[in-house]
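In the two assemblies presented below, chain A is common to both, partnered first by chain B and then by chain C.
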Partner chain A sequence: MMTIRDRGAAALRRFSRSTTTTLLCVVLVGYLALGVASSGSFFEGPSVRTFLRYLATPVLIGLAQMVALCVGQLNLAVGALGGFTACLMGVLMADQGVPAGVAVVAGVLVATAVGLVTGLFIVVTKINGFIVTLGTMTILQGAQYGLTGTRTVDGYSAALRDFGRAAPLNVPLVFLTALAAAALLAAFLYRATAGRRLLAAGGNPLAARLSGISTDRQIVLAHTVSGLLIGVAALTATASLPGVNRSVGGDWLLPSFAAPIIGGVALTGGSVAVLGTVLAAFVMRLIDAARAQFSLDPSWVNFLIGVVVLGTVVGGRIHQSHVAKRGGSRGSAPPAPPRGDARPAAVSPHPGGSG
Partner chain B sequence: MTDVLLECQAIVKVFPGVRALDGVGLRLTAGSVHALLGENGAGKSTLIKVLTGVHTPDSGRLLWRGGEVRPRSPLEATRIGIGVVHQERNLIPGFSVAENITLQSPPSRRGLIDRAAMTDPALRCLGELGLDLDPDRPVRELSVAQQQLVEIAKALYTESRVLLLDEPTASLSPREAERLFEVVRRLKARGTCVVFVSHKLEEVFAICDTVTVLRDGASVLESSPLAEHTPDDVVGLMVGRAHAATQLRPREVDTSAAPVLSLDAVSTAAGHRDISLDVRAGEIVGLYGLVGAGRSELVKAVLGLDRVTGGEIRVHGEPVRIASPRQALHRFGIGYLTENRKEEGVFLDQPIARNITVTVWKRLAKALGFVSAREERDVAHDLVERLGIRIAGLERHAGELSGGNQQKVSLAKWLAADTRLLIVDEPTVGVDVRTKHAFHELIWELARDGLPILLISSDLAEMITLADRVVVMADHRIRGEVDNDRDYERMSGRIIRVIHDRATSAVRPRAVEA
Partner chain C sequence: MTAPVAPPGGDTRSDRPTPARPAHRLPFRADQRLGLLVLVVGLGALFGVVRPTFLDARLVLFPLFRDVSTLTVVALAQMVVLSVGHMNLAVGRMAAFGALFAGLGYDRLGLPLPLGLLLCLCAGAAIGALTGWIITRTGVSSFVVTLAMDFALLGLVSLLYSALTENAAFTTKPSGLAELRSYSLADICVGPVCGSPVIPQLAQFTVLALLGLGFLYGATRIGRELLLTGANPAAAELSGIPTGRRVVLAHTLSGLLAALAGFMAAVGTGTFRASIGDDFMLPSFLGSVLGGTLLTGGVVSVVGALLGTALVGVIRKGLELLGVGLESLNIYLGCVLLLALSADRVRTVVSHRKVVRST
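Up next, the complex of A and B:
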């Protein structure tokens, strides 16, 4: 029997080999390199504040996509729902004079409700989630245009602006919001029974059903949580942007997939990596910051992110086939086979006679 | 002493057109290993599904410790105390060993998983089976054999008193199988009843105490002590005399002709060793073996889908290396009628005509690679007539056809390509009796017209109806060859003995006139 210490060591070994550890190193090295290259100005208060403020939304949309991926679904409406919700919050405050708190809560609730309805629609009609969210994406883009038209809504409440600007100890509140959401999500997925059911249904739907887990409910739950996170992302975006218009959310879809994939989440479902997704968003933000710092061509950013996504997937594939080749030979030793005398003689291998 | 856990009384289950179970009785006692035997299609799978709540029986009773039970779902069956380990693995790959073992009712407090409390019962279950596995390790990192043992531990956690193991050794090495038997003995010692479903009689006689034999959906031997029987007895009961092979018109085979396809001491990456066989023009050579014997894998290696690691493959006497099915078809004229009709045989959402001509588009193609719709129809029409495929129109989708007609479409595409050698894999699985007969006549006629055919089948009656010679495989090796005298009872006994009895496998039974 293995001891507690053995198991601790095994857990440590697993962690040191994980994608998350690699990403953590990339983030640290990248951040330091960027700081040194900018002769230290990147470590100063204003730079740090800006860097982290615009990291909040990418983290949240990455997590929103991750929750959908973990039950084997794709959510194409991440950007459209986020943009629509941001505009809804803006219009409520600027045009209707609704107080910031009420507008924000209303926005988040609407986003959650849209997620819930999407999930129910997928389960009831049994139409592939890819197609359903493709539809809701287009509908929401239309709704967003209907709300704002061609104008930019910027006359919204000072309270929300203050929230977006506030940065105690140079850490913006919006970033803390994203981190808090990530922490709650991690606790939900890793510790709560409901979260475990989500992962079980994504990992092996058949085995989950045989254990009394309804996969339909998990799909609905995943889309609802995804909607909730998009609502929070809309909040951080609205608070930190100078104004909202019909283009908000338009460029969220690719990063929402890139973060979880780079973070080590399988597209086939059943796996999550909250810290990995957060760190992957960090890496992409670093690339973006480097572009701003050195005035690089913006097209290079997309090029680099694309290369990183493909590289991660190819790397994972190579790692997988490596693991498969080594089979179960790694880690703890297999139990010893019974002694020779206990062995049923009839099943010994033997060459057959040929015909 | 005899503590009966589960009893089946006259279980009947009818599916459209088939009485899958027709009066099955079974008594499972605590602390024993019970063998459930029968040929393919005898009703073993259906019985397992009835016991585990997947199917509800149409009549008959299930008694759990004397009280009647009606499990309506696998979950309800587990709650009663009936667990099953299927042939396919049913674990969540990303979850740890402990999480998988406790999946059904994870220890939790106020909706939060209690990880520490999860490890202890998992370690206890693993310990009872004598397994030393890290409970925190994700199961995707485990070998197939280890995953199977985790599933058994899972059944212990849910306190299954009856545990069904469906073909548990099919994908295990002999060493892994020994470890499994050790676990089975431990389960028996702690009062569990293990139901052991297997085709391997050696294993059955090594570890089982009692035996039930199913034939054509009925229990022909019911919970009898295994010590009172010999392997020959049991085989006789499994095979029976009920289904005699159909007699087709006699057909001349020129056994002196040069072989079209020869395998000479071929070994493969899939584990085949020293495989030698010949197929001559106009000859139907049967390749018989139980599930997992490696027949389909051998064909995949011949077609270049798997690596050939030794020996020689000859086509018309010329040594060849076949790199892909594409090369096999276009250069050597080898067609492969797959056993997975729906996945590999036909394009369900494509028109019938296109399904038939898929192998000859290159020949039909005109300038710029366009295929003339009329020529396509002509080719398809000829074959539909020739094979007697019943269709509403050539433009209808293959998915609308019955299984038998889909199979004919699948065959038609190889005939369209003027195949010079046809490999037929389980041609009549899941088709009704009449279509089956028509299909047999079709294969028979193709051979009479001179086409060499390699037939793979687990259906013994089909083998004896069609094959001129039966080559018997087990464990990726050829165990022997039997000339077909088309006498079902004599043949089936011989073939099964070649599989199970090593002593006779080296002896080639005398040739019998066809």
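Up next, the complex of A and C:
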């Protein structure tokens, strides 16, 4: 049991370390380069505040997608649910006169409930999660349009605006919210039993079921947590944007996948990288900031992010086959590239499952 | 359900399973398509009774059929990759990419209509082949690769449009484009007999695509190999099918069909612009999945893609005429998708139980 867990943890740590260090270097170099290119103005207070304020939402939606990915599910409704929740908060405050606190709590609860219902629907009907979230995405887009129509809701409470604007020591509160959510999520996934179960169900559903973990329950849990994180993302978006309309959330879907994929999360489930996802969101924000700095066409951002994701995917594959080749020449078993050299050390790989 | 167990042409065909399989399979699949057809016709008749304008040939049915023919090609583009168990999230962007080349050909090179279409199809096939090649070479899931491709093309197409044109659209129209857009079968007469005014001429491409794919999957060895690759890649590999090449083929075909759909959409709207294909992703899955194609691969239904798309088109148009606003339309479409699939799931469970009981 111990050897398995140690081996798994070591492999995970090694893998996450390599991806994370690369990303960290990219972030630092990119940030410095951008600062130099802007002759220092990028390091000053206002720029830093803007940079971090609009980083909060990408981080949160990336994490929301990551939670769904870790049980082997996809959540296509990230943008639609976020946009719907943001509009719901805005409409509650501006049109119904609900106090900011109540509206925010209501919005986050609704988002969580939608996630829960999605998860239950997937488990009960056993329809592919991709198609179910495609359906909920369509429904939520319609609901968002129904809430706001063509107008922009901007008459919401000053308290929320202050929250969006507040930045002690040039670090915006919304960004701190995102970081706190990331830290809580990391603690949940790496330390809590429920989080470990989630990963076990994603990594090997059969083994998880045999060791007494209900995969169905994990799928519902993952979608619920995903909904919760999207609710928080909607909160940060509503607080930092000048107003909410039906276009909010329209461009969240692709970044939400890009962040976990660049951050080193496998789409097949069973792996998470909270720090990697946060850093990947950072990288994408840097691309966006660079675009603004050199006043390029906004299309460059999408193009570059696409190329970066493709590059990550291809590069990761090359790295893996490289490792496999090295492991092969050392005389260990050729399959299972990442653990090629750890295999002979394991005494009894199977009996305990992953309990 | 799983069509080919042994590759055709193999010598292992014993007498027992061959006659048994079609007997099991045919009524089930015929049932689904028949149900869809009944639903499409029934709903069409219902809308026609409630709102007589629904049956107006010029204003309602002609645009409806034009939309359905375009979106059917989109659904087919998705179906081809689904048949090998993959997905193509970049289907809309590949359409835009193809249409860009067609527009470029007409605007800059002064190509005639068919040559521009050929250029468009080549561009689509090339980008599809590239996607398939990346997937087979890296072994990364098609979801990620096509998603990244979607990003990259989204940016690239807009950049190219803004670099090549003044107002982000090619407006040069080669001769024949306007006719292709607005002519129906009523404009083709064989002696005194003219065609129906509701069938657009644009539908000829759809018919060609349907026939081509029907032939590919129904009668050729390569089609069977595509299905087996989707149903069980390991078994396909072991029975000597070059699965990598089949995956590349599926993505190439998908790119080609997406580009064709992009061309048809551009003809339908009259301009070649970057926003072509923006709303293709949902219909591509709706049409193919409602038609009975499995997401897991191995089962396709070419006619089902047409019927599924027609069903969505009829519902959309009918609700629009009933005065349902654009916002609620999406809600209904999402619900239709979920309900249809839940019903499908129930039927699968029931038929599975029957099979289990009979054995």
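Going forward, the second predicted complex is superposed on the first by the 306 of 355 C-alpha atoms of A that agree within 3 Å, B and C clash if a C-alpha of one lies under 4 Å from a C-alpha of the other, contacts with A are read in each partner's own complex, and residues count from 1 in each chain.
Note that in this section a contact is a pair of C-beta atoms (placed from the backbone, for glycine too) under 8 Å apart; a residue touches a chain by one contact, two chains touch by 3 or more.
Computed from a predicted structure; not experimentally measured.
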item: First (chain B), second (chain C), both or neither touched by A:Asp297; value: second
item: Partner chain(s) touched by A:Ala192 [first = chain B, second = chain C, both, neither]; value: first
item: Partner chain in contact with A:Gly203 - chain B first, chain C second, else both or neither; value: first
item: Which of chain B and chain C A:Met137 touches, first, second, both or neither; value: second
item: Which superposed partner A:Gly212 touches (first chain B, second chain C, both, neither); value: first
item: Footprint overlap on chain A, comparing chain B with chain C; value: none
item: Residue ranges of chain A in contact with chain C within the complex; value: 74, 121, 125-128, 130-132, 134-143, 145-146, 149, 254, 257-258, 261, 267-268, 297, 299-307, 309-310, 313-314, 316-317
item: Contacting residues of chain B [partner chain A, same complex]; value: 74-75, 90-95, 99, 103-104, 106, 108, 111-113, 115, 123, 127, 130-137, 140-143, 145-146, 174-175, 177-179, 181-182, 200, 202-203, 205-207, 273-274, 276-277, 471-472, 474-475, 477-481, 502, 505-508
item: Complex contact set, residues of chain A against chain B; value: 1-2, 6-7, 10-11, 14, 190-194, 196, 199-200, 203-204, 206-208, 210-212, 266, 270-271, 323, 327-335, 337-338, 342-355
item: Chain C to chain A touching residues, read off their complex; value: 87, 134, 137-141, 143-145, 147-156, 158-159, 162, 282, 285, 289, 295-296, 325-335, 337-338, 341-342, 345
